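You will see subunit A twice below: alongside subunit B first, and alongside subunit C after that.
And then the complex of A and B:
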């Protein structure tokens, strides 16, 4: 592992630990799908995306859309560590009238590009953003992060077709393929496989990687950046609740709250700051 | 004789092209209903800014929101039943909640779907759109006002639902006045009853004023091309000055203009209100004229309702 990757791995661990603490402080929430995306967020915000917390409205910035809006705490944590606002502000998550609702809200916080929650919508809006930037001749890229359960939604496949039609080489979708959704494993609730050939058949470039291997994520993102002829999807195989042994791979931890004892155990496993 | 209705598609297409020349950031987004909306002239002039997402209304609204998010001004169109029902969640969240600068155009509104029938006739799109926070709702009354509305919403920064029927009278809102979002217009100065109307029914309401005059009833028309931002003051003023109101609309009497006026009047200056429109029913497979007659959205029905409202005021009920 080179120095870049090692640094990103440490950042990802920091995001995961801080995200766990933030959700715990909020009194519970979407642990599973927030902990599965730490490496992805680290690689985007600390590796490849052209963003500047000092100039969050730069028209030529890259844009990240958290289409799986329920993972808000993970994005808040990433933005805080990236310098958009103090880490201390994460204590406001889910508090009444706070700017940090469970599902992200673009009107409340700089750095949030799209308010999301109802699944499929963020991806669709990402597609429109990519069309707009393409037509305006702007250099920014759109990175949309989707849950795998989200792929049940018809709007996702409407978007897949449109992005292929307009050859949106500036659109990169990342699927958090953790295999779990609220009611069970994705294979049981609504089977998705074979997933990569589905995207390919629609005209997308597809990569499948280990979503916890920062070197692999970086390489996939850079590969996606190098292609401008068609939209790209990175299917990132991840583990729901990654880093907390009693949560890992368990759909029951889509959302919930830990006991004090579980919190101590999780903190120990995630490493104290 | 009620005003002649004409197809609005040329007005929509020509005005889009005019706006496209003026605003290089203006986009048109369609969902395989370009031939219904009439945006073809824009496609021919600005092919690079005409997007067609196919028969996918949810994505239509999402894509429009995304274009707005990066500085575009999208006019996205599909039939009003699809825009508000099929893409209802997108209307609420992608447009309203996100407050993106989208212009969502619901075409073939209400009974103007004519022979497409009950599955296509939007009886409740205004009830939905009116309840979406942040969403401005506009309903032009003739073709010239439609063009004016489009010019106004193109430079307004915020999400808009434009209810556009297939058919409108061409030029009945005389004398012409510039359209401003949130402003109502009053035609006539009758002091016995107000006929509140929006959209294509305003031409019918204007006809009814003359008929009521013959019967010695002084009526005025309160035309509301904006339902939201609600012209509350104008409604209250007319209610106070005439003491009786008839509402008339090409929409369900539940939740549309009739509902709106009843809410405002009840809270501010309670006077008798009689509502004309589509009752708790779906539309029919029939021409516009047939359906207007069937549902009692006619000059004679307005006259009858005006008499009833005036009589109710006299009785104090």
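And then the complex of A and C:
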């Protein structure tokens, strides 16, 4: 592992630990799908994306859309660590009338590009953003992070077709393929496989990677950046609840609340701050 | 002011979008296999880079428009009103209106103008549904000139605007002297006996009814409620109602939620008035030409006249 990757791995651990603490402080929430995306967020915000917390409205910035908006605490944490606002502010998550609602809100915080939550929507908006930039010669890229359960929604596939039609080479979708959704495992609720050939058949470039391997994520993102003729999807194989042994791979931890004992155990596993 | 020439309001909307692009406004129009019927082909032909077609996928159409707006574009989403108000309802509410994006919805073949398509295509709830959404501006222009003015006004309004337009050609009521200020109802003519309020294409029947009533010596205030929401100057309606004491609203829409409801909300708590709301009384439309449906539901000039005479004779 080179120095870049090692640094990102440490950042990902920091995002995961801080996200867990932030959800705990809020009294519980979407642990599973927030903990599965730490490496992806680290590689985007600390690796490849052209963003500047000091100039968050730069028209030529890259834009990240959390289509799986329920992972808000993970994005808030990443933005805080990246310097958009103090880490201390994460204590406001879910607090009454705060700027940190469970699902992210573009009206409340700089750095949130799109208000999301209801699934299947952020990806469509990402497509419109990619069109708004590409067709007018702007350099920014759009990175959309989708949950795999979200792919049940028909509108996702409407977007897949539209992005292919307009050859949106500035659009990168990342699927958090953790295999779990609220009611059960994705294979039981609504089978998605074979997923990579589906995207490929629609005209997308497809990469499948280990979504917890920062070197693999970085390489995939750089590969996606190098292709401008077609939209790119990275299917990131991840583990729901990654880093907390009693949550890992368990759909029951889509959302919930930990006991004091569980919190102590999880903190030990994630490493003390 | 009134003459017998005809023009399509949806075509007027398409031309207005093209005009805006020619003026250098940063327009992008999104269609759902509806570019020909909504006349966004006019934009496509001259500014192809400013036109997107998502195919028969209205929800995606609306969200692509939202995304374009999020990058600073002035977005239009153009399809039929049954889809723009209902299939895309959550998209409009949560992802356009809430984040205050500049998405302007052209809602085609609205109300009875869609009649020959059958009840599945006749949206008679759209204005009410849109009115319930916070931050949504709802416009229902009465003719081609009013539509042009509505489209031009919409692009400078913060947040989304829903503009209901028709299908076939409808009477031209106004010329370029038409006063159009969002939120300000137009008092088109004045009389002392009854207040008539309407929005959209059906206004032509109301004006004709006022002509018939004038022949009988009944004077009508005729109010053009081109802005269904927000009504920033309710005093136009209130002052008229105080003068006449009798108010009749006319709409090719369910009487729940549309312009009749708007007027009722304005009058409530301000005195005693006779209010009669003409429209669809909690029912769906039927198949028929706009003229046939207008007669069927008692919204043609002769029926409006009869309703007014009946109300006045009782008072």
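Here, the second predicted complex is superposed on the first by the 273 of 273 C-alpha atoms of A that agree within 3 Å, B and C clash if a C-alpha of one lies under 4 Å from a C-alpha of the other, contacts with A are read in each partner's own complex, and residues count from 1 in each chain.
The criterion applied here is as follows: a contact is a pair of C-beta atoms (placed from the backbone, for glycine too) under 8 Å apart; a residue touches a chain by one contact, two chains touch by 3 or more.
Small disclaimer: the values here were computed from a predicted structure and weren't measured.
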Item to complete: Overlay done on subunit A, so just call it for subunit B and subunit C: clash or fit.
Response: clash
Discussion item. By the touch definition at the top of the document, which applies to A:59: first (subunit B), second (subunit C), both, or neither?
Written reply: both
Practice prompt. Using the touch definition from the top, say if A:131 reaches subunit B (first), subunit C (second), both or neither.
Written response: both
Discussion item. With both complexes superposed on chain A, which partner does A:114 reach: first (subunit B), second (subunit C), both or neither?
Written reply: both
Discussion item. Tell me the contact category for A:194 with respect to subunit B and subunit C: first, second, both or neither.
Written reply: neither
Item to complete: Kindly classify A:106 by the partners it touches after superposition: subunit B alone (first), subunit C alone (second), both, or neither?
Response: both
Discussion item. Does any part of subunit A touch subunit B in one structure and subunit C in the other, and if so which residues?
Written reply: 59, 106-107, 113-115, 117-118, 121, 124-133, 135-136, 138, 155, 158-159, 161-162, 166
Worksheet item: Mind pulling up the subunit B residues that touch subunit A in the complex?
Response: 25, 27, 48-49, 51, 53-54, 56, 58-59, 61-72, 74, 89-90, 93-94, 97-100
Worksheet item: Which of the residues in subunit A end up touching subunit C in this complex?
Response: 59, 105-107, 113-115, 117-118, 121, 124-133, 135-136, 138, 155, 158-159, 161-162, 166
Worksheet, complete the sentence: Per the touch rule above, subunit C residues touching subunit A in the complex are 28, 30, 49-50, 52, 54-55, 57, 59-60, 63-73, 75, 90-91, 94-95, 98-100
Worksheet entry | subunit B-facing residues of subunit A, complex | 59, 63, 106-107, 113-115, 117-118, 120-121, 123-133, 135-136, 138, 140, 154-155, 158-159, 161-162, 165-166
